[in-house]
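A quick write-up on the structure given underneath.
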Amino acid sequence: MEPQQTQLQAENQTKNISLPKQKRKNPWKVAMRKLARDKAAMFGLAMLFVISVTVILAPVLPLPDPVEVDLANRLQPIGTEGHLLGTDDLGRDLLSRLIWGGRVSIAVGFIAVGIALVFGTILGLIAGYFQKFFDTVIMRFIDILMAFPYVLLAIAIVAALGPGLMNTMIAVSIVGIPYYARIVRGSALMFRNMEFVVAERALGAGHGHILVHHIIPNCLPPLIVAASLDVGWMILAAAGMSFIGLGAQPPMAEWGVMLSEGQQFIRVAPHLSLLPGAAIFLVVLSLNLLGDGLRDVLDPKSK
Amino acid sequence: MTALLQVENLEILFKKEQQYVSTVSGVHFHVDSGEMVGIVGESGCGKSVTSLSIMGLLPKDFSKVSQNTKIHFNGKSLTEITEKEYRKIRGNDMSMIFQDPMSSLNPVLTIGYQMNEMILAHTKLSKKEARKKAINMLEKVRIPRAEKIIDEYPHQLSGGMRQRVMIAMALSCNPKLLIADEPTTALDVTIQAQILNLIKGLQKEFNTAVMLITHDLGVVAEVCDRVVVMYAGKVVEEASVDEIFNAPKHPYTIGLLNSMPSLTDEKDRLEAIPGAVPLPEEMPKGCRFAPRCSEVMDACLESAPEKRMLSSSHYCSCWLYEEEEVG
Amino acid sequence: SSESTTPESSTDDAATDTPTGNKVVVVGLEAEPTSLDAHQLSDYNSSRAAMELYDQLVEFKDESTDIVPGLAEKWDVSDDGLKYTFYLREDVTFHDGTPFNAEAVKFSIDRQIDSDHPFHDTGQFAYADYTFGPVESVEVDDEFTVTFTLNEAYAPFLSNMAMHAASIVSPTAVEEHGADFTKNPVGTGPFKFVSWNPGVEVVLEANPDHFEGAPNVDQIIFKPITEPQTRLAELEAGNMDLIVNVPPDDLARLEADDSLQIIEQAGMHVWWTSFNTQREPFNDVKIRQAINYAINKEAIVDGILQGTGEVANSPVPPVVWGHNPNVSNYEYNPEKAIELLEEAGYPDGFELTYWVPESGSGMQQPQAMAAAIQSDLSKVGIDVTIQTLEWGTYLDKVFVPVEENDMDMHQMSWIGDNGDPDNFLYALLGGEQWPTAGFNSSYYENAEVDELLKEARITKDKGERTEMYEKAQELIMEDAPWVIIDHEMQIVATSKRLQNFKLHPTGVFRFSDVDVQ
Amino acid sequence: MASYIFRRMIGLLPVLFGVTILVFSIMHLSPGDPAKIILGPKATEESIEKLNVQLGLDQPLHVQYVTWIGNVFKGDWGRSIQMKMEVLPLVMERFSATLILTVSSLTIATVIGIGVGIISAYRKYSWIDRSLMMFVLIGFCLPVFWLGILLQIVFGLKLGILPISGMYPAGQTGFNHLLTHLILPSLALSAGAGAVIARMTRSSMLEVFEQDYIRTARSKGIKERKVIYIHALKNAIIPVLTVLGMQVGFLLAGAVLVEMVFSWPGIGTLMVNGILARDFPLVQGVILLVATTYVVVNLLIDILYAILDPRISYS
Amino acid sequence: MEPILEIKNLKKYFPVKQGFIRRASGQVKAVDDVSLTLYEGETLGLVGESGCGKSTFGRTVLQLVKPTSGEVMYKGKDLSKLSFKEMRPYRREIQMVFQDPYSSLNSRKTVRSILEEPMKIHHLFTRKEREEKVDHIMELVGLNRTFADRYPHEFSGGQRQRIGIARALMLDPSLIIADEPVSALDVSVQAQVLNLMQDLQKQLNLTYLFIAHDLSVVKHFSSRVGVMYLGRLVELASKTELYKEPLHPYTQALMSAVPIPKTGIKRERILLTGDVPNPQNPPTGCAFHERCHACMDICKVERPELKEVGKGRVVACHLYK
């Protein structure tokens, strides 16, 4: 026994020399540090931060009332005294509406994605992990949702529940569920057969434990990436609803509504639709940059 | 006579976090016409990147070969020719077989297509003739039903068959040099034996020089004429097969041989080399093997040893043999 | 463009240019017609495309709702007002060559009102009850004489006979096509049906044999273009001769364009916001008046509607006889509103929910107008929550029995059909007309008003009726069951090459006199 | 292969069946009464009731469903409540227009998307890549209805080189007219899908470029063009196909907005108006047709998949 | 020696789905009627070519895949009859070490949480005890305890495999099924890991079922060796006997194919022709007959049963009566 012990120790000591002297890192933190080096992603993050802070601070910013109608001063151009970005067809201050509208639109985007994410993940997990009967039933249901044209699905939902932000949000998030379910199912299918999951089962872990501690955390990265790209899509989809007339309730400012209503003034006052369009673009752009960055850093293959 | 392939002072750098880090450096070796040279070393020691640098296939966006490197092949300086000239050499004068036969063949193209395009690129044969030639080559590597297999897709073949396809393809333009990067690692021993046998036979038949990359010393002993042992991006020893196995000099080579379980001898306990290979960005200052070496001396930690010639065919880079260099 | 002047039958596949000199009018409608069967029309788009295919026994005069002879040369009304006898023209044939006669008239009416009629199930006759409600029977006296018997005296009946539901269709064609008569229409009108390519266009061509003479243009093509900006662009690009529903804010630009002209006509329309007068606190007339004072109607009309409407002073539009020009609407006076609110016991204002459709026939710009009203009311301390509903759902919610109604305030509009004041006052404000019996969705009830309106329905003399209606309007304005905002102007934009085009108060287009350069 | 297709087609039936139940329930359970909408605010109680009987809407829901689905199998898709025509011919006629638009948009989106994706992937991280990706992102962000109107004003009105709306000039037909009328709506519709395809192609190409077989191909000394277009693209296209399948769904749906903007006589406006008017038979018919198209297209894509990727066995 | 594990007629057939409406139409006999006994404290090596069913065998023993039929008697209890829940206590005693040191560790967990997980799953010990235990075992397998808060990707392959072994040791098992634990490692690291496993066996009195495809590794490591071919056990013997005189032609061929890192040895090579047959469609008779140099007529039709040819030595070949 003696010589073996020393041998072991000798190997241990050399281990210390050869092992890189790195600080302990959480893979998420490592990813975040890598992200910090990605200029485009940082730009996206910064822009998102600025936009978020601005819209969050809307109540304390010195802005005119976004719903105050002033028919005498309608359709003022950009740079008008007292209305930095001009006014809309009811004489409401555009800057103020853009900022207040951002609160709504960004919330719609994130919440809709959140709903889709949660339900899609649950469905996908059950289908992918438990397979068999669950898989068949859930995936059929997902197929049905996907085969149902999304605009029509959303219109129908909104028509049924009544127009309004809440329902638009529900509609677009239901539209998003199949995509998340598919992503998660794919990951769950893959991970359930990975050796580390088999190892867990060999250790006696139950399904719940494996799902919560192993499958879900590993499914997250592709989901986060998909979700970051989808927030923009959801805002746009909600805008599409507004175009058909099924979006948010006036006089609430919301970028989609502003864009689609402003579209009617495209000839006389193009800034009415250009500005909310640009705002949506900025958010989508920054989320895309961030999402692309996230994809790179969360991909284990990337360096 | 000059060697068919002469690699001098090869240094390969990889971009890591905006900086180039040298992963392989100061590598010298040569391959003569018709000989089979084994390159051995543990995973990550730079065998593959060395062969890729010879083929000119290193990923361009994040790796490069240093300016001082000289690679002469068949009278040409490969570091100086254009990409177009290189293309003419690749596949024609020198070709390569890769480790994993599944991922190295394009899954969506037929065997025939993948073989033909190479033959067509380098010869003046018509499509029909190229196909004939491909079938001929497949028969040479003893693939049954070659006429049929040629129209099949890689996934329809077993690992051993795929590797034989790779060999047939690599040899179809009668190259002067064949680089085989771990051609049998992914295969079962029984298949490995078939493939090695095949390579050896074909090498004799076509008088091709072969650079056989492997981490299995047993394979080297079976088929090679000469061996180059690499450790952490450096050549530590270079010798004929007999010398390596009967009179290994470098402590790393010795350690490697000792740590192998043997089919012929009975060992109670394996003599493992302690520790692990250092990462490229954390290479020790002196001899790269020093931290794991049982014979480590002060000099080893100070500076890297030079290449010493121990006999006409035996070179070693180790401070132990400082005095022994011959002529 | 030159293309639009060189059309050809749309069934012809070759895209070669056809002979020039054809006079073609291309009309940009807001939406696709849903039917070309006169009896099934229920919206402007369809009736604008379809009505030139048909004639009625009597017709509205150009630019007014006065009645003039049509397919009937003359008519008698019995003294009790229950029997209407029409003497028909004898020189009229349908487009399919079959003769027009009393049988065709009876067929056209019975098809709609008699559920045992063999062709009753060839369509949905939305206006049948409305138009022929009091009709007991239609009798063929001889080949060219037909008598309508009513079950009660109903003064506006003759006006109804000029409405689209009273159009005379070819019985042969209905028999032939059955339910598909809707896309194979045959009438006697100044234009004949050529083709209807759903979603693309409806093509009509001149009927040279029309009893009033052949029209000047050869073809009319109606194209549905949903997007106002697209419609506008098509007009400006010269691809269209006439477009409807011009966005108000683009009017100024169009007016400045030499090649275009704007044609306006006050319509039989009224837009209002309705209180639930049976509900707290709107059962208090002071509250209703206060809200009326608080809303700046001029600003809405000038600002949002850009003059595409005129501020209303009464529920009855000025183009309809019986309109009382002397009543006055509540002027914008927030101070007065606050005073009234205080008097009513709401010095700090209150909260209310305002129901708004997302869009809807005649609703103009419901959401923008709602936002303006909301903003106005907030200035007098009334906190308004807007609830938007999609039109279908909205209608479901508005027209319910009073006990099911939970709306404080909602928007509504009305487009008159027969040009009779009864069609506005009795239908919308009569105490017997509470939903679901009628359309009095403010549940307004005033015994005196009801007396006047009922009396006017059976009075034959137009002068007497006028007086009654004028009195009723005074009472109604005083009670303020509505906030009456405006009467929409019908506005179309046309290219200058289109000549003699005049809008009719009923909103239907007439192309008989139209010519193109 | 044939049995594979047959089996897949059988597999579609439950999906379509589910779609019919879904659309039927959504339509019938949502508030709003077709009779009231058709007859307008001026309708009386009796006439509404009469119409409901005439339309069969007084029956219990399950009876209505069974009747409807039974008739659908018999080829009788009912008569549109709003348009008063038979649903099947009406929807078929209009759907063919949508199909023309969708197919041409898909073609544009695919050609441009894949082209851009390849260039971007090949020149990854270069300024070309970055600007192309930015361009693609803008395409992704532009709402179709807004882009559509912009295109109309610029190309139709200001430059006057392309028709503004519709499928043909008033009163005419012909293939040449169709082509010119198709350009703007197709462009507007293809922007989003093209963007998605470009991004997908790029990332798929990047992944494929890392594969061993690309290195093998290069080691053979063949032309770089062949490496990209044959070895890389043929593999990279496979995941793009999946996206393509999904895009068909988005295009079919997005067509609604484009059709409204361009007065394209497709099912879009028919559909929206149908929903708003609670035109049950029409909406049910349209959705059934669209869903069928979607699943059939995806079946075709699966078959294409099997053709392109020999590893997929369809036994 | 006491038998710790007795496996009787173990079978695992995987259905192969194909055909109309995806009915199971064929099967892969991944493990086909394998019987063997493991004695306490010994190491039984199992070799065979890729796809011959070694891993499936190991997993079936552990009930990670349910056997099609057969018994797995662990200390007298038939594991194959137990439910997922009932199996849990046994999972403490039988552990597994996996082939791939990369995919068998969850890359999102620290070494400490990977090692604590088995105890948490079985609700053992207090927090502090768990930490102590982790430190202890890490030391045992030669990992510096300061590494405990790192993530798997920060370790080399050999170190990861040590983590895998440490995880298997956390619950003081008596039997470890090691599924090719060193195949993915370089020779020098392989030697380290093999030494470690050897030492642990002596210290902790472990029993190993050691799966490998490298004959020299098995020879070095095991006391008895079983050879599998296409789901079946074809030969089982003590190490010394087997390597001195392999009986089955397949074992002979396998052995002669192993390259030996020595020059000047002249060996009689038995070069097998052809590849491993498709397990979905194995040859009739003896599954090896198509590649066998000693193939007889009977081999093509009749499958040879396992026969005892010496004490504790069995072989399935018609050559031996």
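For clarity, chains are labelled A, B, C, D and E in written order, and residue numbers in each chain start from 1.
We adopt the following convention: a residue touches a chain if its C-beta (ideal position, glycine included) is under 8 Å from a C-beta of that chain, and two chains touch if they have at least 3 such contacts.
Model, not experiment: these values are computed from the prediction.
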| item | value |
| --- | --- |
| C-D or B-E - the one linked by more C-beta pairs in contact | C-D |
| Chain at maximum distance from chain E, centres defined as averaged CA atoms | C |
| Whole-Å gap separating chain A and chain B, where each centre is the average of the chain's CA atoms | 48 |
| Cα-centroid distance, chain C relative to chain E, in whole angstrom | 87 |
| Centre-of-Cα separation between chain D and chain A, whole angstrom | 24 |
| Chain D: positions in contact with at least two other chains | 30-32, 149, 153, 260, 276 |
| Junction residues of chain B - those touching two or more other chains | 269, 272, 274, 276-277 |
| Where chain A touches two or more other chains, by residue | 4, 11, 15, 19-20, 159, 162, 263, 266-267 |
| Residue ranges of chain A touching chain D (in the complex, touch as defined) | 140-141, 143-144, 146-152, 155-157, 159-162, 179, 232, 236, 239-240, 243-244, 259-260, 263, 266-267, 273, 277, 280-281, 284-285, 288, 301 |
| Interfacial residue positions of chain E with respect to chain B in the complex | 49-50, 156-159, 186-192, 194-195, 198, 213-217, 219-221, 243, 253-265, 269, 271-273, 275-276 |
| Interfacial residue positions of chain C with respect to chain A in the complex | 228-229, 232, 247, 249-250, 253, 296, 299-300, 302-304, 356, 358-359, 367-368, 370-372, 374-376, 386-390, 392-393 |
| Chain C partner contacts - residues on chain D that touch it in the complex | 30-34, 36-47, 50-51, 54, 79, 81-86, 90, 93-94, 97, 149, 152-153, 156-157, 160, 163-177, 260-266, 269-270, 273, 276-278 |
| Residues of chain A defined as touching chain E within the complex | 1, 4, 7-8, 11-12, 15-16, 19-20, 22, 24-27, 194-196, 198-206, 209, 213-214, 217-218, 300 |
